[in-house]
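After this come two complexes, each holding chain A, first together with chain B and then together with chain C.
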Partner chain A sequence: MKALAFGAALALSCAAYGQDVAKEIQRYRQMVAEGSPAELFELEGEELWKKPQGPKNVSLQRCDLGEGPGVLKAAYAHLPRYFKDADRVMDLESRLLHCMSTLQGRSREEATARVFGSADRPSEFELLSIYIAGQSRGVKIEPGLSQPKEKASYELGRALYFHRVGAWDFSCASCHGDEGKRIRMQELPVLYKPEAARPVIATWPAYRVSTSQLVTLQWRMNDCYRQMRTGPGNKR
Partner chain B sequence: MRRLALLSAVLAFPAMADPTPADVQGIMQRDFHPRGQATMDRVVQDGLQRVCTETRDRPPADVAKALEADQLKTIVYPEGSLMGDWKRGEAIAQSGRGLTWNDKPGDPAGGSCYNCHELSPKELSHGTIGPSLRGFGKTRGTGPEVQRYVYGKIYNAKAYNACSQMPRLGASGTLTAAQIKDLVALLLDPASPVNE
Partner chain C sequence: MAAGPMKMRASLGTGFTDVRVLMTHPMETGLRKDADGKVVPQHFIQNLTVKLNGKTVLDAQISQAVSRNPVFSFRLKGGAKGDKIEVSWLDNHGESAAIETVVA
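And now, the complex of A and B:
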């Protein structure tokens, strides 16, 4: 779906890009015919989930993503949420990192050495994310909002959205503030209203036909901060 | 006394739940890290960014006026003509490079103009965050007053609209005086495709 929408946006930029578009569409059709690479990545993610790793040589299979140890069904749709054992709100990536450290005995430095991957080699987080998100297909996105730290986290997210910062004075709302705006031909969804954001966020993590890259929401927002001319928001 | 203090702490809770721009800045300083030319000072707000954040980009009229007057003082006009070469201006308007963590310091930057504006009718891939600038010189004139306005607007968009979503491209050190002159020509020169 995401890939299709992207293809359509590309098609509109016609003339100068006509040839590229034709190539893109051809590549997309081929991909559909062969079975989406997203499915292959899901399988790779599943292998990683089950693979014993780290000093303790255990898998992540007992990791509690909020629905109970090892329960993956609907877990992604209910993140971020508050975790008592860590006494803080965690999204998928931070929870996975927590499990890598507590279950597998891995260091933060080692586990986060490669958060974002490349077209030919997605990162461990990207592969795990697409596998785990796949177990929430059809589940309504409902992050935690009842616990006080969850509420505080939500309020902080909203404040960050409208916070003007960086060398070019942008906030998220500079680009994602009004309906129907574009950067070049790329449509910019309004994201501060849950009804509008939910269907958009449900398409992530995403496989990008344009770059043949598997990308997570963390990657997307990090790249938006790059455009905002700040440093990266994912401290390692 | 003790009871009172407790009570006010409880009453203060809803206010504490609403993070201020200063709280957000503290969190960015804790969690963000520098990369390339994007050093940590990038997450420290200046006065204008702070006021725009506090007022959700709608400052009261008198505050907006004071901010705009302040920003107007940052504009440095070069000697002589403000009109450069529209052909070079077109290339600068196309380029979205500059000041990001993966741009090399010292490499020429662009204005990202097409990211947000329609300019030349030949470029169909343009954004819509800003108004269309097609035919700008034809409709607004090309005299010294208009040249000064366009130069100033590109140098510091906030001098004319305090919480504009357009970056301060001269004041931030993104574009040089020569580049801004080329962009003035792109908008105003009768030979520029913008005025076709």
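And now, the complex of A and C:
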């Protein structure tokens, strides 16, 4: 009987411990949201946005991210979307690349030579992304879904989400498909449910305290594919 | 990178002022090795000074135990609208940076 009581007490304290940890993680996230070093990178991103570069020596300030040339307010929240001039659906990074080639006259090879940076030297895409995303604070995330090509992209994305690939036969849904799953202390959101996906997607691009690095949503997807062992070609 | 941007926010409460400062700094411990296996030399902020209207109210000595790109937040007793807060740091290489803001 005594042993049973002890067992019950242990179970209780473990549950309390788990709750404490979850609460501490919540508190930590709150602190990061209130004062994140990401804001420092926003300042650098703004500088880069206004800096003349490339063969044409112009800045990206006239780049149309979907809200009109040079309009940054709410632009990130409405991406990816269809762009008539390119006749395809683009996310932020692909649109930036488009502007780098059309406005600045840069080649694809040169502009994409370094898409993911390091803690010492973030990439151009990372700095620009955080600056542009910062101009969408408080705006509801609503990617384009009215054009036929946007609908086609959405359907393709849905198919990719559930498509199993690679050496381990993983799909996105293998990890992000059931409620209550986690890797170590990290909860895995069920990303095909809008109510779960929205608050998570809204935190990107993000500053990772563990690596002191600024990372983008493209990086996240790429690194998921790497962890899924989908094959060579994923840049680290 | 050492003298990268800083950012500061000061918000007034009743009888106090909350200040949050973001600093860009590598904060190298001297224990890390780079991709070539060479030790990355120590490089960290040593002194942090906070002045309120020109008068020093906080003088901190910190070390390499603090993370890269530190966030420093503290509460000042008192403070009023229009007060000038200055924060500056000095690292072990003798480099420094400063920022100032007015309490709004």
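We take it that the second predicted complex is superposed on the first by the 194 of 236 C-alpha atoms of A that agree within 3 Å, B and C clash if a C-alpha of one lies under 4 Å from a C-alpha of the other, contacts with A are read in each partner's own complex, and residues count from 1 in each chain.
Criterion: contacts are C-beta pairs under 8 Å (C-beta built on N, C-alpha and C of every residue); 3 or more make two chains touch, one makes a residue touch a chain.
Because the structure is predicted, anything quoted here is derived from the model rather than measured.
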Contacts of A:39 with chain B and chain C, given as first, second, both or neither: second
Partner chain in contact with A:57 - chain B first, chain C second, else both or neither: neither
Touched partner set for A:107, first chain B, second chain C, both or neither: neither
Chain B versus chain C as contact partner of A:203, first or second or both or neither: neither
Greater residue coverage of chain A in the superposed arrangement, chain B or chain C: B
Touched partner set for A:120, first chain B, second chain C, both or neither: second
Partner chain in contact with A:182 - chain B first, chain C second, else both or neither: first
Chain A positions touched by chain B in one structure and by chain C in the second: none
Residues of chain C that touch chain A when the two form their complex: 1, 4-7, 9, 20, 22-24, 26, 67-69, 71, 73
Touching residues on chain B, where the partner in the complex is chain A: 17-21, 23-25, 27-28, 30-35, 38-40, 42-43, 45, 48-49, 52-53, 56-57, 99-102, 114-116, 124-129, 158, 163, 165, 167-168, 172-174
Interface residues, chain A side, partner chain C - complex: 31, 34-37, 39-40, 43-44, 119-121, 207, 209, 212
For the chain A and chain B complex, residues of the former touching the latter: 12-17, 151-152, 155-156, 159-160, 162-171, 173-175, 177, 180-185, 188, 225-227, 229-233, 235-236
